[in-house]
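Two complexes, one shared chain (chain A), two partners (chain B, chain C).
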Partner chain A sequence: MTTLKINQLTKRFGRHTILENLSFQLEPQHIYGLLGRNGAGKSTLLNIINNRNFQTDGEITLAGDSINNTPTALQRMYLMSEANMYPKRTRVSDMFKMAATGYRDFDLALAHRLTSEFEVDERAQLNNLSTGLTTIAKLITALCVDVDFVFLDEPTLGLDANHRELFYRELLKTYEDRPRTFILSTHLISEVQPLIDHVFILHHQHLIKDEAVDELLANAWAISGPAALVDQYCAGLTILDQQTISNIKTVYVVQPLDEQRIIPDQVKIEHIDLQRAFMVLTNGKEN
Partner chain B sequence: MHFEFDQSAPIYQQLADQLEEMIFTGLFAEGEQVPSTTQLSQELHINPATVLKGMNILVDQQLLEKRRGLGMFVTPQAKEKIMEKRKEGFYRNYIESLIQEATKLGITEDHLLTLIQRGYQHDHTED
Partner chain C sequence: MRLPMVYRKSMLTYFARLAIVFLTVLALFIISSVFGLLTGASLRESFSGFGDDFLNTFIPLAYIWFGFYYLWVPYREFKLGMQNGQTRHQIWLSQILGIITTTIFNFLLWLAAGGWHYQTITPYFGTFLILIDVVSLAYAVGSGFALLSRKWKIIVGIATPTVILIVLVQIVRLLINFWHPSAATLQALSSLVDWSGSWVLCGLLWLAIMIGLSYLFTMRQQLRRD
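After this line comes the complex of A and B, so read on.
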């Protein structure tokens, strides 16, 4: 059981900074969510961690050793992404064979069960499959390789609702059977909220949240009521977003509320979900 | 059996509340086994750590007990314990909000008492 550490990671393309000074760590046996708006650099980050791209600065270590100096480190992590890295005419079954040779082990029995559950023909060529079925074939590979860290970049791309449900269930099943670390990068925040225990939010080159989901949501609020009373209650709070319909105002904050502060009768304070919290945290334009 | 989750409280708390309700209504009888963390996690698509946290709330309240190697079971006095707990909360959860709403509607104390009595009579004629 080892920890993957990302230390002061920076990525620039020319004069453009994509990721700036990110530090965080991935512990054994967690299901992490990596969230960010389009273009926030989620895929770039995952590619760098998996050695498919290079950082401008910073270091990634596994059990204390830099992954660039430890060839075996990359065998302990797997990245499933949109990129198609397979030669033409690769069949689903070939994909499994390649994974089996590249990693410590591959659970072929599970792969067979999953292709039958998802109704994927193992003899089919990848480039003849629909977007959804291609995603499924890649997902099955990711769930069956024996690694300590499984990175899933857009794991539900093109999947219908039934297949997404099946995927969530199979993910939790394999997680129970063989506890390891999963990192899900997705825009379907409401669907993954109950699956993930910890969330990373990337925004404007920075990691703006690195927190247990329960803790983040415990301090994420919608405060609504007559505008004047809401303003009075919210004095001094950092208002992330707000909307007003005639005289009714709703204000969103993500911070602990002072329990001593008196709540006016007509003001209602409610919890918000992860998707809403994400939206209000990442709404602002860059300065 | 039906679990449903909203944003009113953390998922582990809602899971604990709903399991408690299922024990209270007798869906899981005293001494009976409840679904395992694994089952609940996979069926409800909830992180197993979250499910465990919810179950442990009920273990702390002595409504559930772990039997080594077998799983999680409803304790023999679970229903009684839930009754006690709910009686304690009855005033705060029901009476206070009833009076609040009645006040907003301009219903007097006497009228409210009459309404409660009528509710009981109605209940009897229904039987």
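After this line comes the complex of A and C, so read on.
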């Protein structure tokens, strides 16, 4: 298995820049989270990586070869997205057949087991399925295709809590059985936090974080206490977000804290979770 | 290189829908013959010319479907191919293979409808060339339209034929007003038109241009959001 490299990627629609100068790489056997606010360009990025759309500038290579029009590269990648890529009357079983013909291998036994687990009728046509069941049919296809990179764009769209839980379980199971790279683009950050080991955060056309989740969270803090003491402690820190209720102030920082700095008695410092870290990094304000 | 996915799916769609047309026309003819029987006509009267009438109705419909199909499928097959690990190049090759297959099928239909009795090869070749020229035009237009959003499809769909019509009218006007060829020139032109070789050359040139355009358009296709 090799690394998928994205080098200085830029995408513009007319004068509007969607992605600017992104460089990162996807290593084998990781589960990545691709996070970003609405309109940040996550789907555009995934479509470009999978050669469905063209970049304005930059290049994407797999094993040193550009992925554009390269069958060996595209055969190693699968993108499940909310875009409807199938004709309306396609049956779930037809999706499996097409994937089996298009890709080198498809685990039909697993597909049958998953359709049974998720209670999806394989003979059903996509236009007769609910949004959630359509998503499930697409997810099952994505989990059963034998590729090195599986991109899941909004994989939980329309799924109820039970189905989401089942999906996360099956994702981990298939990852254990056949380790490969998954990239999850989602807004349900708290739910995917236990699954992902590395996170990319897109914000205002740029990749503002490309970091292991543990490393990011090790430096993500909520500092709270009496406003004056918090201000005194946080002097010199980059405060990404803050809120004050009465005289109690909470500030959020994502940076290493100086161990020599003395913490006032009434000031409390706690780690924050990935969702909170994402919100403060993307300048999410809270009342 | 894997070709079959898009090609197989495309041919399945093409022939499945053609089968629906076939069965619909057949059912209509059977119903109308049965009505004939019910209104007192004899069995022979009711079903006389059934085969010829049926073919004369079905074959034009099959040709219409043949022309329309490649206007309709390029973007649909692009999406299917992209979802299933195919490159643009593979998708284009699959579609060209589909065009050859459907042209051969429609050529066989033409033979079945009575086109088999010619003594020379020219009419056979000419018919095949016309069929493939028409479908390659449909494919080039379909691939070009696949690049456009809905709004631009409407604009280009109306504007292009209008512009072509205006240009043609202006050219004819100019020729009538300013071009007064000598008898010898007219004779030379008429012999050029009469020579079947010039039509063959035009047909092959047209085919090459349409295939080239379809290749250019397919290589530029992208997922649209409309």
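FYI, the second predicted complex is superposed on the first by the 282 of 287 C-alpha atoms of A that agree within 3 Å, B and C clash if a C-alpha of one lies under 4 Å from a C-alpha of the other, contacts with A are read in each partner's own complex, and residues count from 1 in each chain.
The rule we apply is simple: a residue touches a chain if its C-beta (ideal position, glycine included) is under 8 Å from a C-beta of that chain, and two chains touch if they have at least 3 such contacts.
It should be emphasised that the depicted structure is a prediction, and the values quoted were computed from it without experimental measurement.
In this overlay on chain A, chain B fits alongside chain C without clashing.
Once the two complexes are overlaid on the shared chain, A:Thr250 sits clear of chain B and of chain C alike.
In the superposition on chain A, A:Ser93 makes contact with neither chain B nor chain C.
Contact with neither chain B nor chain C is seen for A:Asn219 once the two complexes are overlaid on the shared chain.
Looking at the shared chain after the overlay, A:Tyr78 reaches chain C, while chain B stays out of its contact range.
Contact comparison for chain A: of chain B and chain C, C touches the greater number of residues.
In the superposition on chain A, A:Phe54 contacts chain C only, with no contact to chain B.
In the superposed model, A:Asn21 makes contact with neither chain B nor chain C. Seen from the C-alpha centre of chain A, the directions to the centres of chain B and chain C diverge by 150°, a value given as a multiple of 10 for the model superposed on chain A.
After superposing the two complexes on chain A, the shortest C-alpha to C-alpha distance between chain B and chain C comes to 27 Å. Contacts of chain A with chain B, set against its contacts with chain C after fitting on chain A, share not one residue. Listing the residues of chain A that touch chain C in their complex gives 47, 50-54, 69-71, 74-75, 77-79, 83-87, 98-99, 101-103, 147.
Against chain A, in their complex, chain B makes its touches with residues 5, 7-12, 38, 41-50.
Taken in their complex, chain A has these residues touching chain B: 31, 165, 168-169, 172-173, 175-176, 194-197, 214, 217-218, 270-273. Note for the complex: chain C touches chain A at residues 1-2, 4-5, 8-9, 13, 76, 79-90, 219, 222-223, 225.
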